[in-house]
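The letters A, B, C, D and E name the chains in turn, as written, and every chain counts its residues from 1.
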Amino acid sequence: MGKIKVKLFNYKKQNDYKWAMTIDLDRCNGCGACVVGCQAENNVAVVGEEQVEHGRNMQWLRIERYVEGTYPDVKVRFLPMMCQHCDIAPCESVCPVWATYQNPEGLNVQVYNRCIGTRFCGNNCPYSARFFNWYDSKWEKNQENQLNPDVSVREKGVMEKCTMCMQRIRRGKDLAKDEGRPVKDGDIQPACAQTCPTNAITFGDINDPHSKVHDLAHSGRAIRLFEEKGTHPAVLYLKGGSGNVY
Amino acid sequence: MDRRRFLKLGALTASTGMLGACGQTAQQIVPFVNPPDDGVNPVDGFWYATTCKECNAGCGVMIRTVDGRAKKLEGNPGHPISGGKACATGQAGVQKVYHPDRLKSAMLLSGERGSGVYKPISWTEAVTVLSDKLAGAKGSVFFLNNGSNDVTAGVANAIFKDSEKFVSASNHDAGAESLRQGGAALTGLPQTPYPDMANADFSLLLGADIFEWDRSPVFYSRSFGASRRDRPSSRGRMVYMGSRLSSTAVSCDKWIPAKPGQLGIIALSIASVVVDGVIEKGLARAIPRNTLGRYSDALRKYRPERVAEKVDVDAETLYKLAAPFVNEAPAIVIAGDGVTGYSNGVAGLDAVELLNMISYEIGKEKLTAKPRSTPESDQDLKDRMLEWFGPAPRKQTFAKLKSLTEKMAAGEYAVGLIHNTNPVFDTPNALKFKDALGKVAFVVSFANVMDETANQADLILPDNHWLEGWSAQIPDFVPGVVALNLGQPVVQKFQETKAAADSLLEAGAKAGLKIPAANGEEYIKKVISAFRSEMLEIPPALSDKEAWNFLLRRGGSWPSENDTELTATPASDKLWAFKGNLASDEPVFEGTNDHPYHLHIYQTVFAGRGSGVNHGWLQESPDPITTVMWQWWIEINTGEAGKLGINEGDLITVSSVHGSVTGPAYLYQGLRPDVISIPAGFGHTNYGEMANGRGANAMDLLGLSMDEASGGLAARSQMVSVKKAGGSVVLLRNGNPDGEDKGEAFQL
Amino acid sequence: MSTSSGHAHGSAEHKAAFNDLTDVEDIRDPEAVPEVVRSTYDDADIFRDEKEFNDHTLRPMFYTTKAYFIFVIALSLIMAQGVATFAVQTYYGLGQTNMHEPLFWGSYIATFVFWVGMSHSGTIVSSLLRLSHANWRRPILRAAEAMTAFSLLVAGLFPLIHVGRLWRVYYMFPLPNQRTLWPQFKSPLMWDMMAISVYMVGSMTFLYVGLIPDLAIARDRAIANNNWRQHYLKFLALGWRGSNREWMVYNKASLFLAVIILLIAPSVHTIVSWDFAMTMTPGWHTTIFGPYFVVGAIYSGVAGVVTLMIVLRWLFKLDDVIRILHIDALGKLLVVIAIIWTYFYVNEYIVTWYSHKPEEAHMWAWQGERFPHLLWIMLGGSVLNIFLLSWSRVRRNVYMMFWMSLLVNAGMYSERYLIVVPVLTRRDNPFMWTDYLPSGTELSIIAASFAYFIFLYAIFIKLFPIVTMADVKEGVVISGDMKIGRHSVRVQARE
Amino acid sequence: MSDHYTVLGLYRKVAIKTKTVDRVVEEFDLKDGEIESLTSAAYPDGAIVDDKTLHHEVYKQQYLFPFLLGICGFFLGIALAGGTGYIMNMDVGGKPPFSYMPTGVITYETTLACAVVGSLLSIFYFGKLPNWTERAYDPDISDGALGLLVKLDSTEDQDRAAAMMEEMGAYRVHKGKNNF
Amino acid sequence: MNFWNSLSSTAKMVAGALAAIFVGLHIFLAIFYFGPFWFGTHTPTQPIAFSHKLHAGTNKIPCQYCHTLARRTEAAGIPSAEKCMNCHGYVKAESPLIVEIAKKFENKEPIVWQKVFDLPDHVWFNHKRHIKKGFKCQRCHGPIEKVDVVGRSNDFKMGFCIGCHRDNEAPTDCWTCHT
């Protein structure tokens, strides 16, 4: 496998933390546990069959699959796709009301109560990782009991997207602050990373040279999606192996 | 502090967010009557260890509860199966607590059987009805579950074990029985072979859809990830052989579409090359030469050149596949439904086991191999413990279910107890289970949502959701160790339900039967006190109550990683002493000349055997391969579909000698042209609004071919025909069909 | 023909040329010059008198037929169902439309761009013509300017219809607030909002300033007839008397406004195009979008003017005011714009095709595959225009012009749809490719927007003079026949 | 301010009117601003009456309105688009609060918006509009009659001027007080 | 008023209705957006007439003696009935209000209080951080030790939060409080 050089984070160090995620495509087996984990953690609505017909399903994290070749030499690839938390995000400069912007820790913020629903950000996202509440989210009778109290339920007419489980980051930082220490690597786990059975998803502070995500990002396997667009995502994908069996 | 009381009063804040425009709504705060211990943060929520019961794997999980409501399921980091991870279905289990279709109380049939007319009755009344029937049955009772060994099965077994007529059967994963039998036949160990994929350089999956619905998707996924990238030395490689490029096959490096029913022969063929290679290179010195020679002779007729044409895989490929076993051991083979789903499964399994043993021996010489089986002493303990939780899974074959059905049809049973399974829906149509059930005088279902089987019951005693009640389980599949999973109620009961074991015990007591304990919780405590001395992981200094709390906190009992002895050996002596015949029969297929296609029924990640179909999260998660949501489909090879003039979404009818189903076609490159593949679990008729009428039941096509050697259902041996039914529907796919081959956009 | 050398201004050459033609001193002397023929319309004998002209042109304002009421009620019904649909959409959410991820913009934005484009007819054409002293402009100015104002009013609704949370739209305005949060000026939408508001202010001002003298005329009529319109006309006419001072100031301010509008108008549509071009979406992100949109806008706007003129001419029997001459001139303008537009369009395709940019090539291919009919209407209409309108018999045929101008606007609507929709259905991420057709909700709201535009126009006709009377009169005043040798030549005084 | 008296004569022909203008100006020694022509169309300036003061005012001063307001708009734009980034206390990750392109665009638009307003205001200011009071006027003017309005100091002059206008061909004459 | 009089009675009705809708809409919007400013105070009746003045004012019991969760968690929390009984098992045990609490405590029945200070649901506030930083409760909740019946003394508009955050150089990133 040729080495791919990734220019990593020419990001002005502003803050102690710069959250990043690596997704190992060699490990991902497309099981969908992260998809449900994300949905459960973030109160993402089940829109129902009728809305799915309109293409409005709302998984913040979805597993894209691509088919290459024809029978019998078929290769299928899985590509978990969520908000890439770009450093130079196309979405943030087009929002007229600052409902989306980059926060000092390198995350792309979506502030639901500020959003007026122009949907420009969604149009400008090359990853198509943003979702719109076409209707008020509905939960089947009783199912609102399952809602996570840390995450607001979105109203109709606002955009939403992956937050890298901001509520967990906040809680992790809060605990670290109580103990008077910086956040340790592995303290904070977004729902997808925590649940991923193959450990394909790693989350951490890329500014910390000892963090796992820093290691992986510099492992030479890391690439970013649509690198040529210059968006500098904080989500790095680790390329799959070449499969040297054959 | 009284935990239940605490849970009841746990609602501290009502802060679930709604982005309302005008606030000012009157809100109430309900404080604790007794505050929780210091150091507990009631706002963050409490984490409880319990055991997931969404499938039989028995993953230890942690549940986050806030305000007395279960919010999120995560894996229990210490648990040997889940290791802190969880699968989609398990996580969705939380939402089932709040499922709108849950039954609200005990119900007694008040109309015709199958009419679905029930009247709610009180629990006292319900238990009385049950006890009367049990008393009157005089032991002609059967108990049917999904094959999990849990408290209910154990209690049923304990109550009725003196009755000769009592049968405790199970309705569970087709093919898995023969897998167990295969392991037993060759190694002499009555356990499931445990392939240590995590440490293997090379894994050959023979039709084993290990990520989809085999014994533990979570464990296999963890092993897969570890094998791929956790070992610094090399990247684990996988090759999948089978007729369909399943979600598992996709993750492997290579898919080899072998001919259906011939995977056992392929295993033998590879084994022949490996044995010869081992002899030639002088590897695996612990194995007697003459033994190897005997194997070599027995396998000679399966040399790749001889079988290549028959199995539709060229000889060169077979040699290549054999090479890693000799050169890079430990390499492993994992056999799945692709081997066991045919009438000749067992011979293939023997070859698989032989390969694994040889590979292990070579690995041992290289000091890289890890133990692959439970030590015999532990196995004894496991067997003894299993006795408390119903029949051991290896005894629960399809043959047993079949004979039970026959007896039911003969009207031999007065009372049938059905717990946690839906045989009317997911047994082959040819079994005529529903008709047989009609002959049972009184059927009791413990389902907590209405399903096809519960709809045939006379009495429904809704069981608790597993988050609401006690459970214990000896997980069948724990790599190399004996474990006891404990489940505890983490939330208050959401509906007026009652644990099935409790109902049984109460009714049994009332009927004057001998009951093993007062209730389920007591029963579990009894088990623990019986085995406490043998379960080393409970510190001996603890009192019984402390030990109980210790286990609850941990979520069960299993040796921690440091305790695991790495010296356990497979029973190689038995293997080498094996004198059986490794020759494989030709698979028997059921169908006429008009049925040119092999039927391949498989379980999708989300729908499973049908339990995921009435669940929003699972239904809306796109199937990994087809990306279809909310729908059912029939897969056909793209080229073959072209020949038949079928486009995506066209309705096609698949017929076998037993029946036919009609559904939209999904054109897939990753399927052998002579195979039609259909996801199971769809086509419910009485399983809640979300599931009803969604697709058709693939089981309608299935006959009763069995692997006689193991007593397992040969679920893949059905032949079918395909024709266009006219009309078409739009498949609801997450991914656009036009874009699915445009993955190069990402330059991965 | 009457100007004093001391106060005339304009280019030096022009002045010289004019002086050669006219003896300035002689003009003051009625005997020295033959009676000035005060009408440009010598051949028309319907009104030699201004009174008659006023009567004729104000007739649509003061006399209303039954058909008009029926028409307006019909429009109101279409609008009412649009409003009801919109209310339903606002109440239940934008799911009523057919938009979905990642197609976040659909027919609403296409229609928005269409209406903004329509608005470019009026003021930009009118100020261009005013500055270039094109004499044939005079009767059409009001119709064109009103069209600008009304299509802007309609266009301005679409962002409101489009947004998800209408009740929070004030977040976009730079209002001081306790949250100390300001709008994000980096967003092209903010520029868009600013540009459209400015254009709205500008074109409304332009329309109003142009109206003032005519309002005075209508006011006098209304007072004379004791018509109820006198109340607002009195107020809006500002007490205009037509004094020398007023005319002077008025002419001057009109000049300023014409220049300013000429600066605003292209910027508006450029900025609208930047809503698309400033994104990184393949198919939108092109440098040509600014001028391409502006030309497209003028194209549709001019065609809109033609349609309207013909309709007005037919409805109110204004054949003598709006003459074949005007329609012919607009036809020539259409040819020029059509050529420029086609050039831009072809250029955009050729560049993509030749450089073989795969992500855009996909998109174009899909566009042709999915919406061939729209593509044909757009391109075919444009090419047809270039060839047919070059032929003066077509330009001078009112029926032909009517249908051609409608075809142009159908094509331009298709163009907007083809800009917005196919691009979003074939985005960067091939997994999320999709398809889209507007829903019933969208169609009914769009239909209501057309009804609203026509309604506004219909109401306007009844409340304000529809022909630029003062300008026509000015044209009459400053033109006359001069004898050069044996010929009598029509000349125009210019300022 | 002392009272003044006005005479408004209505004519049908330009030539006659211009002659009258010359004679009335000569007769009563009218200065700039004391004689006005009321017409329904914009006659080229000076064609009928020639007001040098007015010319000066309009040509030299009217542009100041849009120009100065445009400058105000320019600063308003800079303050809005450039300044609010600094006022706003949002913690954005390392991006500069000031941006050239948006500031340029917004400034351009605000400048022109204010210039438009300036142009409108200039009509009001220099045209002495709006003025809804009863002033010397005749509805015939809007139908093409040419009005000649003079401002005089005394009733005698008023009568004389009225007579003169009638004599010169005015088909109607209005006399008024304080309504120039 | 010529215009008005010239209208037919139907037209008058329509115009009147339109005007009414117009005015009504504005009143609605005004209440919608500014209502919280006008009708801001929220003083619900509590099930037990608890007096903060008596406890925190007169008897000078520290706030966090009862609201213990404030320094440990996001929510300040309402003290449990057990907490009340810790003292009132002895102090004024015979008072009718205390008897009521005692009865509920024995029945293990919680007292349902009415919420006074309520943040909008899309705001996440952490008491712990603010208490640890050393802010007095009164800073946000007003002079609570001086009133018998607690009412909302503060609307907790965003300006209130952000002003204080800016003054104290606390983070002003939106996701500090909103998700």
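Please note the rule applied: a residue touches a chain if its C-beta (ideal position, glycine included) is under 8 Å from a C-beta of that chain, and two chains touch if they have at least 3 such contacts.
Computed from a prediction, not measured in an experiment: that's the story for all the values here.
Annotation of subunit D and subunit E: jointly contacted by A, C, touch as defined at the top. Greatest centre-to-centre distance from subunit E is found for D, with centres as Cα means. A comparison of the B-E and C-D interfaces places the larger number of contacting C-beta pairs at C-D. The most distant chain from subunit C is B, comparing centres defined as mean Cα coordinates. Centrality by Cα centroid goes to chain A.
One simple way to say how far apart two chains are is to compare their mean CA positions; for subunit B and subunit C this gives 70 Å.
Remark: subunit A and subunit B have CA centroids separated by 31 Å (rounded to whole angstrom).
With each centre defined as the average position of its C-alpha atoms, the distance from subunit A to subunit E rounds to 36 Å. Mean C-alpha positions place subunit B and subunit D at a centre distance of 91 Å. Multi-chain contact residues, meaning those touching two or more other chains, occur in subunit B at positions 13, 15-21, 44, 734-735, 740, 742-743. Residue positions of subunit C touching 2 or more other chains, listed in rising order: 167, 180-183, 186-187, 190, 428-432, 434. Residues of subunit A found to touch two or more other chains are 62, 64-66, 79, 98, 101, 103-105, 112-114, 151-153, 155, 158, 226. Taken together, the subunit E residues at the contact with subunit C in this complex read 2-3, 6, 32, 157-160, 162-163. For subunit B in complex with subunit C, the touching residues are 21, 734-736, 738-740, 742-743, 745.
Residues of subunit B that touch subunit E in their complex: 5, 9, 12-13, 15-24, 26-35, 41-44.
Residues of subunit D touching subunit A in their complex: 88, 90-95. The part of subunit E that touches subunit A in the complex is made up of residues 120-122, 124, 126, 128-129, 132, 171, 173-176, 178-179.
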